[in-house]
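Structures for review follow.
Look for subunit A in each of the two complexes below; its partner is subunit B in the first and subunit C in the second.
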Partner chain A sequence: MTVDTASPAHRSGSIKRFFERFPFLPALIILIVLLVLNGIYQPRSVSMIGITSLVKTYLALMLLAVAQTYVVYAGDIDLSVGAILSLVNVVVITLMQQWGGGALPIFGAMAAGLAVGLACGVVNGIVVAAFRLQAIVATFATSIFFTGLALYVMPVAGTPAPTAFWRTYGGSLFQVPFVFYVVAVLAALLFALTRTRLVTHLLSVGDDAPAAFQTGLPVTAIRIKGYALCGLFSALAAFCVTGDTASGDPLVGGKMTLFSVAAAVLGGSALSGGFGTVVGSVVGALIIGLINSLVYFIGTPSEWQNLVQGLAILLALMIGVLVGRMARR
Partner chain B sequence: MMSAVAFFKQPLVVALALIAALLLLGETLSPGFASGQQILRLLIVAALLGIVAAGQNLVILGGREGIDLSVGGVVSLSAIIAGNLMDGSNAGIPVAILGCIAAGAFFGLANGLGVTLLRIPPLVMTLGMLGVLQGLLVVIRQGIPSGKAAPGLSEFVTQPVLFGLPGIIWLWIAIGLFMAFLLKRTVFGQRIYAIGSNEHSAFMAGVPVGVIRVSLFVLSGVFAAIAGICLLGYSGSSFANVGEQYMLPSIIAVVFGGTPLAGGKGGYTGTMAGAVLLVILQSILTTVNIDESGRQMVFGATLLVLMLFYGRGKALRT
Partner chain C sequence: MSKLKLSGVAKSYGATVALSRGDLELEAGEVHVLIGSNGSGKSTLCKIVAGSVKPDSGEVLLDGNPVTVTGPQAAKALGIGIFYQELSLAGHRTVEENICLPDLPMRGPFIDRKALSQRAARYIALFDGVTGQGFSADATVDSLRADQRQLVEIMKALATEAPILIFDEPTSALDRSQVERFFEILRRLKENGRAMVFISHRMDEIFAIGDRVTVIRDGATVGTSRISEAKPAEVIHLMVGEQEDLVERQAPASAAQPSAGDAALTGKHLTGPGFADVSFQVAKGEILGFGGLHGQGQSAVLRAIFGASTVDSGEVLLGGERFTPKNPRQAITHGIAYVSGDRGRDGIIQGRPILENLTPVHFLRERLFLARPSALRAKAQPAMGSLRTKFGGFALPIGSLSGGNQQKVVIARWLIDRPDVLLLDDPTKGIDLSAKADLFSLIRELAAQGLGIVLYSSEDAELLVNADRILVFNGGRITRELTGTDRTRYNLYEAAYEAAA
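Here is the complex of A and B:
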């Protein structure tokens, strides 16, 4: 990715180089435009309360998009992230209900939830990387399996979360909404992960797997680790859904899977692997959220909202791909 | 002459053997499962999936990560358009068929142009299109009542027409023959394989790569539209997002039929067997007495095991 900086001869514009360093920039511009438009049509939406509620609702999708990004780095895809999210959601809720709603049981349940997410991710990794099945169909099959597990844990939606859990998620700490602490911790975590060897390895596998293998990288193990990381972040996303909806639902994540892919693409990641940023995916998730709210604020009749959202997201996806490719060329 | 091992490794042979095994299993689990009447019912359901999978198959064969996630949306859209245009009367059938095929071709064309002219990856383009289609469905459904199937259409799909087989089975056989002819006997078909296995050399050899890829997406839309009309005939009236259940299963049917997602090789005969295999598997799971959670777990696990029989990727170590 940084090779080209050594040969500036054929690389003219500095804007181009800037895009190359920060591939999420186009997405960020779209995000700012959307924020301004939201502010024009509904000034309250860009207030502290408006932004807080946007983050609160879309934090789960941001985390799920990050999860998707780590497998997309390696040129893989995970169509089971939504099912993992649902499974962790019902496991966490069920454990909290059984152990009581105190602080210790809540943390215990969350630890168990992370373990479940990790296990699901490792299963996906083994199926795709070790058994060498095609990622799209294999993770679709595991998603059916995980959904079955979630239905086994909680056959019908509705078990409530302990009050302490959703009060904390939706509340404030020292006058600052709790979700912003989550965002801060997340930012630190993502920054730390970006500097790890694993992320570099994932990107090099996605860029050219045979070459990565020939330089001695354990390609299979790296891809499994990518899926494991994806499972962990899906579990984190599940915590946010649990905090936001305050209840368990074995099918809650199903619809989010394809949005996580869309968010990663919006953020400038290439589905063919080897190129992308998690920041971009977070921005991509916010773009989806802002498109949804803008469509509402400009007063689209309710039955037309889905169509306008669909068209706007398709348009944003196309812009994301086109600008991303221009930056890489 | 191929060796016995090579013979049994052919996807079509694997699929047919698995179908026979599953029928046997179904018959032992619940006697009457493999009766003529039941098998006919299974074939009708498989035909619906198989027709969607025909278009999916073409798009996948064309390579460059070809995939069509919007087929489910087109199936739903077509079912609702057909229901409204015929609204329970046989006289409306021709208009309905034309309207649906036009709609399917339109969305296929949009997908194809996005993929070729703008070079948007097919997964992204068709994913975005799926969102548009789902939105469009909401608009249509709230604007006009969802119509009814014409009696003639329902009869065609569910009642015997010729030699005891319903019209939809004959339609599926015809599509199978059409696909085999198209892929094996026409220049167009050979060019599909050419762009699927090596787009660059196909381009250098003068193959109009873009035109062919666009037409594959158009055909995929048209096949999904045809499946939507048949689905309306099968269920009598269209309901919310009927087509969604076909999106990923159509891809799995193609994979079970021996066409790898990388494209360039495979064919439709295998896909037909793949669709039957998938439908029988689902049907067995509904006859055995387990609850929904167990059914899903067994279904997911079985799909994974079955996938091990098919196109595993190449090992990096050679």
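Here is the complex of A and C:
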């Protein structure tokens, strides 16, 4: 097509298209602003050590936000990701403790953890997609159930992880912190997943489920697979928490659930489904992390920290939504 | 042997019969036109073939073998492709993704983007030059105009390469050049031996592309004939049936004959989204009918007058005074009432008691802030009484009533403080017969009390029986006025099916 590229109509159209393809751009800008602010108030926070510790602490939330994003793609939601994380955390710690701290037992325990995450995801998927219960209530119920299981496996927090496990997570390989390898593998994995049929199917279901059904897509199976993927990524997030805290805690993930939803929205995903990116959710998780550290760095008295943190997240959400809306107009 | 044969296919939704006896024989290498009035069951028949609706009874034969189409996936496997009237597109996905969505090309575990683009490009190229500005393979469907979306749905149906293709109103938003291109493609597919079903409401299109025509009336197939041997008038006769010459009016005309100059509501050259240059006048005591096919602008005009959508130009006079509809609240305080056929969306307040469903308009018009339930009940009682509604008590939830009685509650809501103008937007959709009869006797009573009433109904019989005059809509404009003995089914259908300019 030959359209005059200088015409304003076309220019605004291309900006619109740019934002449609990269809906996480507003979030990325917020992220950079926050990094700069962090650097101003605490120069050491933007050093190698500072960034490493930030990633180490918030890698779990990044993964959990990614997990949430796959169900949000299909217009669903999973309020049990935090509970799945807790359950996998205590299962992995318990198994490592029973089997000993060698390499093989550690990998065996992690495989078992992935299986637990997958199973939890499939349960959620069947309850929501096959039995057609409201996702928000059904996964709230399963989250209580999963938390109950976690408390059965480990009634009291505190069992330590094997030294080899957390030393590796917190350590370095060829002078590069281990978590950066994890981030690299994660990036490759997310890129690969973006190109799978499942992700396109999930987004199509989120766009218009009846239309997807009429197109001949197996809508129920697709939604169950979305929850299964979510369970797997929740298990991966659990490994990061285990590496970071070096201990088991049956309630460690509870508070993270809604942060994962917030991260997905900050990253530009639509909770109504059909629209979003996992990269955006990762950026959203980092924004939440940077807000938390900034609140600390500017020296907020402890009794005001929650209030400032809440306002800052609200502000970030507003900026992201408003910028996105203006760009798309 | 027919490529596809349906015999005695039926489908009911609760008490509503969508299709009572659907018969169809589709040959390879033909374009088979399905025609019938609003709600006659054409779309239901198509969806049964496509597997998205399960029939209650009847038989489907494919190449002579009985088959059960268990779902859209099964239909795909059997070689049936369909263009859905309401479209089946994913709005945030690109044009090329939508075209290939039913069968994404894979390379190992990943989508083969290159193959996908190439395949989509083949079907986009078919419409080269007529797709219009802004249409490209990587544009999201949401960013496209209505006609462009329809083209994408056509491409998607074509891309299935299915031996049987069903097109349920594929041309309703297309312009001339796009329709001509589409027909060229259909002719080529016909030569290749594809079997195609085509639904359209434009008589000229039907005669331009069809080989045979099957007429459906009130959910049953009434006959099939060759297009070359048929005339438009005959087809309309088939659709109308035997009652065509009766002036359908069992009930006496409104007691108070409207006197000119006593206008309750006047529209002058109204133009807005979905309608253009609409002028009409309804007198006090008159029932004015809006007729024609579904979605020709009737609802859009009514909603615009009620302030629920916008009017771009033209003026509305309310009892002789100029009125600019801004929002429904303002319309209500000016004495306009609006009853929608879509109870779930526009009518009832789900999950709340009957009394709360009866009184929101009263609260607004009387500017009430607090009210005693007993006083409200006293007001609501006569309004409900006039509708002969059976209900257990005002405190019961609205969901405890049947669909017909829920709609009666919605109407009663407007009767506590009498409006001057009543707009009825397909008010009897999904309502049983006896409730319908009650509704219309009430509507006539209200007209006799001097209300100006505008009635749009998708059931032509309701209009013919109840309206004093009928304005027929076609393509967002009023194309004909039927008065007195002109109010026949034949005239109504002929006006509705005229080629849209």
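Things to note:
FYI, the second predicted complex is superposed on the first by the 308 of 329 C-alpha atoms of A that agree within 3 Å, B and C clash if a C-alpha of one lies under 4 Å from a C-alpha of the other, contacts with A are read in each partner's own complex, and residues count from 1 in each chain.
To be clear about the criterion, contacts are C-beta pairs under 8 Å (C-beta built on N, C-alpha and C of every residue); 3 or more make two chains touch, one makes a residue touch a chain.
The structure displayed is predicted, hence computed values, not measured ones.
Per the definitions stated earlier, placing subunit B and subunit C onto a shared subunit A by superposition produces a clash between them. When the two complexes are overlaid on their common chain A, residue A:Gly158 makes contact with neither subunit B nor subunit C.
More residues of subunit A lie in touch with B than with the remaining chain of the pair subunit B and subunit C. When the two structures are aligned on the shared chain, A:Leu271 is found in touch with subunit B, with no touch to subunit C.
In the superposition on chain A, contact of A:Phe213 is made with both subunit B and subunit C. In the superposition on chain A, A:Leu258 contacts subunit B only, with no contact to subunit C. After overlaying the two complexes on the shared chain, residue contacts for A:Gly299 are found with neither subunit B nor subunit C. After superposition on chain A, the stretch of subunit C whose C-alpha atoms clash with subunit B is 344-352, while the remaining options among 344-352, 398-406 or 416-424 stay clear.
According to the touch criterion, the shared surface of subunit A, contacted by subunit B in one complex and subunit C in the other, consists of residues 210, 213. Listing the residues of subunit B that touch subunit A in their complex gives 65, 67, 69, 114, 118-121, 123-125, 127-136, 138-139, 142-143, 248, 251-252, 255, 260-261, 291-301, 303-304, 307-308, 311-317. Remark: subunit A residues 1, 3, 13, 16-17, 20, 192, 195-197, 200, 203-204, 207-208, 210-218, 274-275 touch subunit C in the complex. Those residues of subunit A that touch subunit B in the complex are listed here as 77, 79, 127, 131-134, 136-138, 140-152, 155, 209-210, 213, 219, 258, 261-262, 265, 271-272, 303-311, 313-314, 317-318, 321-322, 325. Across the interface of their complex, subunit A is touched by residues 50, 52, 71-73, 75-76, 82, 84, 87-93, 97, 101-102, 104, 106, 109-111, 113, 133-134, 136, 139-140, 143, 156 of subunit C.
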